[in-house]
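Just dropping this structure here.
Per-chain numbering from 1; labels A, B and C assigned in written order.
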Amino acid sequence: MRGLAGPVMVEVFTVATRDAKQCLDITASVDAIVRRSGAASGLCHVMVLHATAAIAINENDDPNIGVDLLRALDQAVPDHDGWLHDQIDNNAHAHIKAAIVGPSETIPIEKGELVLGRWQGIMLLEFDGPRPQRRVAVRILRDG
Amino acid sequence: MRGLAGPVMVEVFTVATRDAKQCLDITASVDAIVRRSGAASGLCHVMVLHATAAIAINENDDPNIGVDLLRALDQAVPDHDGWLHDQIDNNAHAHIKAAIVGPSETIPIEKGELVLGRWQGIMLLEFDGPRPQRRVAVRILRDG
Amino acid sequence: MRGLAGPVMVEVFTVATRDAKQCLDITASVDAIVRRSGAASGLCHVMVLHATAAIAINENDDPNIGVDLLRALDQAVPDHDGWLHDQIDNNAHAHIKAAIVGPSETIPIEKGELVLGRWQGIMLLEFDGPRPQRRVAVRILRDG
């Protein structure tokens, strides 16, 4: 039994997006932070610090899943549909999708590694790109 | 390095909603609890304790984003569409939206403050109002 | 005041699903793990370790809410709609729904019990069943 150990902090990394809508696998970046932290056990919280992007967890082996996901969201939330916010910024659809999918995911850490299923990866969903810098905050709360 | 300090508890505050569907910015209420806790570092979990409301994170500067979000959810999940639960309570659409958006969000705390992007605020989404009291539970897990 | 105590670990239980799409109440299973842990206070993280299922929180008293929820998701994301991933695995709709609803929920623990509203239960949503074993990871981060 012991108290929490080591430096505690939010680590922020950035991702460049190249398309208006894009699904990027950021699992390796998050995994590197977990390993560098030395945390053996706890929870890892991953959050995109923008209101027109989201974090999701899904399969990363077939990249077409990301393509399908973006199209399904487009069908449910058309780019332009008389959205009031479009009068200001023309990206209402991106805000709506970001709010529905959500900005963060939490993943357990055990034996120093993220606990994910065989087909689960961590995805950044860009809804209003391209952007040179999307900021992702990773916060580990450890108890081992 | 030290163990967890200070009183640990779930703090619950209430919000009154005035419309059938409404998006309310609750960032200031959550922020006040974080400051009062004295937590320098950790995670803050915010959860609405009802099955016909949700918590989302998005822009709060243009209130029309909330209006657009509620309409997009209405278009995807019509108020009445032969939902079976409507035979009992007539608010199936509210339960469905609450399940999809989700009841909670988790936000890092650093240097005693919530880590949110410039355009991110914490929103309570009311889907079955108006209600005099919507309960929101805030739980801080601190390690500094 | 004290440090984190007791064994820390991810506990995994399995659920069998019997339908292609199904909403199962897993609250009792999660609750049993919380009680067995002896944690008085903290956060409980519940995550399904698959990319074609999700965890949601909603009412469990009227099971038709789950039926309505699954149909609403079907209407927003049709089973087959030219999804690219269907060329490989024919279950793109399940991946899309899983990404939108999300694989996990976090719930506070206080006085040794899950903090849930009167009408909130923890649901596993099966989108690509039936499956003999869906794995659910429960991780408690305690501070009391």
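Please note the rule applied: a contact is a pair of C-beta atoms (placed from the backbone, for glycine too) under 8 Å apart; a residue touches a chain by one contact, two chains touch by 3 or more.
Being a predicted model, the structure only gives us computed values, none of them experimental.
At the interface between chain A and chain B, two copies of one sequence, fewer than half of the residue numbers in use appear on both sides, so the contact is built from largely different positions. One rotation lays the C-alpha atoms of chain B on chain C, and its angle is 120 degrees to the nearest 5.
One finds 19 Å separating the Cα centroids of chain A and chain B. Counting only residues that touch two or more partner chains, chain C has 2-4, 43, 76, 100, 102, 106, 141.
Across the interface of their complex, chain C is touched by residues 3-6, 8-10, 43, 45, 47-52, 76-77, 81, 83-85, 87-89, 92, 95-96, 98-100, 102-104, 106, 135, 137, 139, 141-142 of chain B. In the complex of the two chains, the chain B residues touching chain A come out as 1-4, 41-43, 56-59, 62, 64-65, 67-69, 71-73, 75-76, 100-102, 105-108, 110, 115-120, 123, 141, 143-144.
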